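After this come two complexes, each holding chain A, first together with chain B and then together with chain C.
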Partner chain A sequence: MDNSSHLSVVLDLSPAQWYQSPLSLDSFLAQLLVFLNAHIALKHDNSLAVFGALPDKSVMLYASSEPPMDTPATSDPNCYPPFKRLDSAVTARISEQLEDPLLDVTTPSAIVGALTKALCYINRLSVATGLVDPRILILSVSPDLSNAYIPIMNSIFSAQKLKVTIDAGQIYGPDTVFLQQAAHLTGGSYLHLTETSALLQYLIMTFLPPPSIRKVIAVPTQDKIDFRAACFCHKNIVDIGFVCSVCLSIFCQPTPVCSTCRTKFPIKTLQRLNASRPLTISSANNSARPTPVSTPRSAATAARHPPMSAESIQNGSGTSAVANGSGH
Partner chain B sequence: MPSVQLNSHSENAEKKHIEHALLPFLQSQSQNTLTRLYQRPSSCLSLFRLLEPVERQIIMSLLWLESAIPQSTMNTWVNREGRKLYDEAIATLGRLNILPTNLTNKLALNTTFKMSFRQALTGGGTSGSFGVPAENDDKSPAQDLESLDSFALERWETILHYMVSSGTEQQPTKPSQGVLYLLQRSGLMSTFQGVLRITSAGFQFLLHSPHDQLWDLLLQYLHLAEERQMDLVEVLGFIFMLSTMELGKEYSTENLSGTQKAMLEDLRDYGLIWQRKPTSRRFSPTRLATTLTSASPPLPTSSGNSSGPQEGFIILETNYRVYAYTDNPLQTAVLNLFVSLKYRFPNLVVGSITRESVRKALANGITADQIISYLMSHAHPQMRKNNPLLPVTVQDQIRLWELERNRLKSQEGYLYTAFASQADYEFVLHYAKELDVVLWENASRRCFFGTLGGHANIKGFIERRAMGSNQ
Partner chain C sequence: MTACTAKASCKKLPGLLELTDTHLQWTQDGKKAPSVRIAHSEAASLFCSKEGAPQTRLKIGLVGDDNGHNFTFSSPQPVAVAEREKFKKELTTIISRNRGAQDALPKPPLPVAAARSLSVTAVPTPGTSTPRPTATPLQASHSRASSVVDDRRPTPVITGTDPATEFRLRKKVLMANPELGTLHRDLVMSGQITEADFWDGREHLILAQLASEGQKKGKPGQLVDPRPETVEGGEIKIRITPQLVHDIFDEYPIVATAYSENVPNKLSEEQFWKRYFQSKLFNAHRASIRSSAAQHVVKEDPIFDKYLEKDDDELEPRRQRSEQVDVFVDLAMTFEDHGDTGNDKDITMQAGRQKAALPLIRKFNEHSERLLNSALGDLPPSKRQRTDEGEGSYTQIDLDDLHDPEASDGIILEMQDRQRYFNAVMSKEAEAVKQHDPAVVLADTKSKLQSTESKLTQLKIERKAGDAALIAMTTNVANRLDGKSRKNDIPDGLFRQMTTCQTAANEFLRQFWLAMYPPPSELQTVATATKAQRLAKQAKMIGYIAKTPEKVHALIQAAQQHGIDAIRVQNALKPILEASERALTVYRNKKPGQ
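Up next, the complex of A and B:
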């Protein structure tokens, strides 16, 4: 139970979002640094890495395994040296990154990039030293980016394989579907902050306990999880999607050929699925729907082709049911 | 299968949580002393690290709250399975005066502890409790890590080596007078015919991990400090401060109190700090000091040996042979406690575990579990591929040798004989059995053996019976 634990923190540093947020970046960082110090304080051997997600790029801000070289020559007698090093390294790197004149503040921040870097870092440490219970904490202020769905899902699967717990906190803005799913699928905790005045207390009670302690002292869990997925064709978040029965790719409308695995679907299935779609969606998307490209085939060949199945994803209920079973 | 049972038993023993040796000592201190100790941020941080994980999380959860919260609110966070652990944690914190128990049904941290620990996490303040660094001096640059390590190792091994070879013909280097006094006071060594000799507690001490040994000695030092009328808060505060210092940095002695300056000499003897000269106004903590509150090894790997003590150096085979890849005289001497050594090579010692060698160790007060745990913690990396780590036959045999010593058990009592008739005998025996004081009985000889405590009752019973039959 009393093992050292590793924490990688992914910070969303999107300037545009922080500008809108009622909590200033400065006060956020001040509380975050105390939280990071608390993690280091828990145990002498606890390790920490901090990654920053900036518009269009992600950087490693601090890693306890690679302490920054430019340490101040004289240390402060009133401060524990590792805290001092961590705090000055993180603040210096963040201001250095944000003052970059080439930074395009409107581009959404590269959370997935930072998440992937964090996973790679954990993988490297696990191979070298054998980490126990590594964790990633994502603190985000940006809304979901629907074209990040596939990379996020891939990161979640690698996290599951590495046995990494992903915790997520949405500090500003609407609930994010993807981070909720990331936390749920890796056994982590998701927190949507509506009240930013006691951020530090939220961080400490929700994200500080390592997984072994969570068996004794509980952390907030989600009672409602938004399981909606983004379609592969238009990157929209869909309530009802159509799933390729071969490769499980998700589409917002029936397609004759799966764009991922190139499976062709019989025309009859397409017609049936189109007929069964809710009227509002089908009429709205009618014009945008690509026309079937495949030429009519003989019945004999068509029978070999697997039918496409419609997947209904119920929002919030926590279950996803495939309406039509696959046909082969 | 006895072996299976024995193994599961030892695994359970390992999993059982062991409280840090310092905590019972702190719990016995007065609230006033503890509150004064908590005035220093570094003490709070170091003490915090010695606590159990659940206790640490409780402190963290309560740290930034301004007002007390009802116990029922905190209870809603606790899972049902974790209830017992949580209650224990709250009780421990109460005894340490971190969670004062004077509030009914409310939880709030000790105000002093809260202020200092907040300061430790955020930095700032003027306490200087993390050590005032010395000004850089170009003439005498700070000692490099290697020489600090070798200094600490040399000091520490001198103490252990002196202990292990006392009573033999060897004449190892004597540690300083202060160390000898401490060893004697702590009961690890005692004077026997005018010569200091190691006691059975001392033998057990030798098989502990360096980390436990260090805390054992420091705890004894604290007891000694109490008797010497030294201010305990100053002593503990200094030890805690050392544990938060940086290895390889020099610190100034100017801000230390008189007590703490006096401690410098003692701690130098134990190898916790290094000073250029006894009068020097700067000191550097060694690895022994900076790892006091961590799980990392307090001693560097010994020189000239690729597989040092931390990685393990002992290979134990199923035929009771022991191969120890070491050239360290201390390790050889410790092994000699329970292994009969056969050959010595420049980097290898070969011996075997025999009934005689283990019995000699047992006679010295070492237990079978201690031998096994020493072999486990110092097993060679090659051995770590085995599951179980040590050959089961050897483990069982060592335990059986220990059981062998416990074949005879003596108990004081009374033997009741010469009963007049079989009925008499059975009547008294029945009475004694009801009292549950019979240790042994022999019906054919009409005698039985009762415990010391039951004698008065049985005697009275027989007398009453004799009087009754006379009438």
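Up next, the complex of A and C:
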């Protein structure tokens, strides 16, 4: 493939999470920098942008289109200068951000903000100079933020429009539902890393090939995808819910008026839906039961599935990852 | 209700058959008490032997026992038949009353197939060498009625028409969709699911079939060209149907004029057609220019040759196009401008390599035009293309492609309470984060950052960890690709069993959940079931669903015996197992009477 590709990396720099992670931040950064160097070494005109997601803030750490002008203090004769520039720029900016007195390490990191910034950057460059094959790599150590569901889904849709592939690597922490969906919907790969000390192996094998080569080199990705969504009213993660047929917003219980598009639902439908609710088995998660589709302006079964027969949803086989994934 | 008596034998023993107000009973000759006593409410179905069969027999099917009892009327023939008819009439009334009463009571479903199949094959008449008699019309209507009405709930007529149409539509749908047909055969014919339940939720299929039958087909596009079929003896046979005659008159008006002038004065209709198909006129109307092998058959015919026309291969077609040419397309309008400067008219360019091709092409053109005219109707040609008159004639050449692409603004979504949409209710998340001392965390992070550079220069990946990661990723890719490329080597028989098990279980689950949930009240096209019926249906379906795990295990064992990887079969059937588990759990935990 002769085309260059663009890579935007979003780093989750939540200090609280890194403090608990078995992989320490310094070895993570070391391996990451090797990976970034590999990317810009692959082709002459490969471009790169690095974004950092800090608690409540997201910043751009490095962009190959606007390289930092200041030369590094120590010019290492053994190191290829562009690599050196990249490495020192990234580390310098990160330490700069950490010095910020307003930093509150208890709040979760703003991955969504960084993702959005990456998308805007790609959009700007695509219009200006024309980026080919852009992709975003998200390296995350935090668990899912259920209130981030709506912004992440919006980013996914914009990524689909821009034809951006989103890859995701979960280094520490539980499996994130939203990042799995992001990777699946944009055609990227999601990987939950188990051998974190061999991070570089994962990075080079899975995330280095650009999307155009992925037709030839098969990259590992997780087959079983958890397609759960978060409800719009309480931001709880639900696997079965009620969907407004006008604006497709998801609720965990039937409401008389949709909160996003102000559609009124008929009373009879609501009564019927409420009557069908007590059939919950598990009280752990607030899962409500689906109902068959009837008139417009009423609720339908939960959307956001890969094509599955309606029967299995009605059969209550649940939207758990097992049932979905084995079909793939 | 009158009581009937008749001499009849049961199980080859002579006796007396009586129909009283409450019972049908048969007493063996010489015995005091009746050996067969059937209450009226137990009579379920009735079959009779064919008229004219040597033995006059009557068979009663009971509720729960389809075989019931066979009675052979032993009186001499005409008397026996008369008696049989009397019994039949009374019993039919009783049985239909029974069926009406059955609606309220949930009873075990009667095998519909048994009734239906019995109606098709003959009632056994022993000792006759004649071929087994097929069901008489009377018998057929009995059994048809019994099969349609023989459900717990009368099978509702979905389309609002009569049951016979309903039946025909259902049959068509089942034949058009072989999987559905197999499912129907397995489940409904064996009596596990009633007809009504099966079609519950599938009404749209029947309605679609009805709609597609109601559509009228248009005129066929082929040129009317009846091909003669050669029969033995060298004769040529052409079937003449009224439709064909109508088409021929439509296509070739000359034949119509010939017909009107000659029939019935000079020729009879039969003679007309016979001579037409042998004449040169018909040969000229053929749709192919291959020299017909029947050249020798074509004779001169004094009447038909009058209507022969010259072949249509002049410069201009015989029939000129009459419509107005569109202003923007009309080349003739500017013809005079190009007289001196343009090209000469090319009269040597004619269609068709063979001489006979041009008339054929013109014939096709005329046919297509006629077809279009009949399809579009009687609109004047100018009005046909334009549906809306634009101002002036420039709207015709104002094409969409000529304009620059403009991005549309889209419709703005009016959202209520934007802040709530975007902001969080995240009190739960904050507590989930383990509380470490922020200062410690921050200090630790900063120090780690300092040591990054040294780590970078001394970077070394542990071999074992790297290998483990590599192997994990490779197996991941291999599994995915393998799954796509591996062909299905499960033997056909086992595979079909697996599919039937799964589709049957799906159908039971569908019925179960339909009975569990409150029905959609707006979409009532079938009769609503009462609460008791739904509970009964739930129980019945759960019974079937509970058997599914055994079936699956049996299939897995069968697979092992055949030497196939049992894990694959297990994985394939895992979703249905889980679905059954879930249904069973819900049923066990539900509140009674729900």
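Keep this in mind: the second predicted complex is superposed on the first by the 274 of 328 C-alpha atoms of A that agree within 3 Å, B and C clash if a C-alpha of one lies under 4 Å from a C-alpha of the other, contacts with A are read in each partner's own complex, and residues count from 1 in each chain.
Here, contacts are C-beta pairs under 8 Å (C-beta built on N, C-alpha and C of every residue); 3 or more make two chains touch, one makes a residue touch a chain.
As the structure is a computational prediction, the values presented were derived from the model and not from experiment.
Chemist: Quick check on the superposed pair: does A:L200 touch chain B, chain C, both, or neither? Answer first, second, both or neither.
Modeler: A:L200 sits against chain B and chain C alike.
Chemist: Looking at the overlay, what does A:T106 touch: chain B (first), chain C (second), both, or neither?
Modeler: second
Chemist: Just checking: does A:I150 make contact with chain B only, chain C only, both, or neither of them? Give me first, second, both or neither.
Modeler: Only chain C; A:I150 stays clear of chain B.
Chemist: Under the stated touch criterion, name the partner, chain B or chain C, that contacts more residues in chain A.
Modeler: Partner touching more chain A residues in the overlay: C.
Chemist: With both complexes overlaid on chain A, does A:C120 touch chain B (first), chain C (second), both or neither?
Modeler: A:C120: touches no partner chain.
Chemist: Taking the superposition on A as described, I'd like to know which of chain B and chain C A:H234 touches: first, second, both or neither.
Modeler: second
Chemist: If we overlay the two complexes on their shared chain A, which of chain B and chain C does A:Y80 touch? Say first, second, both or neither.
Modeler: In the superposed model, A:Y80 contacts chain B only, not chain C.
Chemist: Which partner does A:H44 reach: the first (chain B), the second (chain C), both, or neither?
Modeler: After superposition on chain A, A:H44 lies in contact with chain B alone.
Chemist: Return first, second, both or neither, reflecting whether A:D26 touches chain B, chain C, both chains, or no partner chain.
Modeler: second
Chemist: First (chain B), second (chain C), both or neither: which does A:R262 touch?
Modeler: Second partner only.
Chemist: Return the residues of chain A at which the contacts from chain B and from chain C coincide.
Modeler: 34, 87, 200-201, 205, 218
Chemist: If we count contacts the way the header does, which residues on chain A are in touch with chain C in the complex?
Modeler: Counting only chain A, the residues touching chain C are 15-16, 18-20, 24-27, 29-31, 33-34, 87, 91, 94-95, 98-99, 103-108, 143, 145-147, 150-151, 191, 193-195, 197-198, 200-202, 205-206, 218-223, 232, 234-235, 247, 259-262, 268, 272, 275-276, 278-279, 281, 289, 291-292, 294-295, 311-312, 314-318, 322-323, 326.
Chemist: Okay, in this complex, where on chain B does chain A touch?
Modeler: Touching chain A: residues 17, 41-42, 45, 48-49, 52-54, 56-58, 60-61, 63-65, 77-79, 81-82, 85-86, 119-133, 136, 244-246, 249, 255, 291, 293-296 of chain B.
Chemist: Quick check: in the complex, which residue numbers of chain C touch chain A?
Modeler: It comes out as residues 413-417, 420-426, 429-430, 432-436, 438, 440-442, 444-446, 448-453, 455-456, 459, 461-462, 465-466, 468-470, 472-474, 476-477, 479-481, 506, 509-510, 513, 516-518, 520-523, 571, 574-575, 578-579, 582-583, 585-586, 589-591, 594.
Chemist: Touching chain B in the complex: which residues of chain A?
Modeler: 1-2, 4, 34, 37-38, 41-45, 73-81, 83-84, 87, 200-201, 204-205, 208-210, 212-213, 215-218
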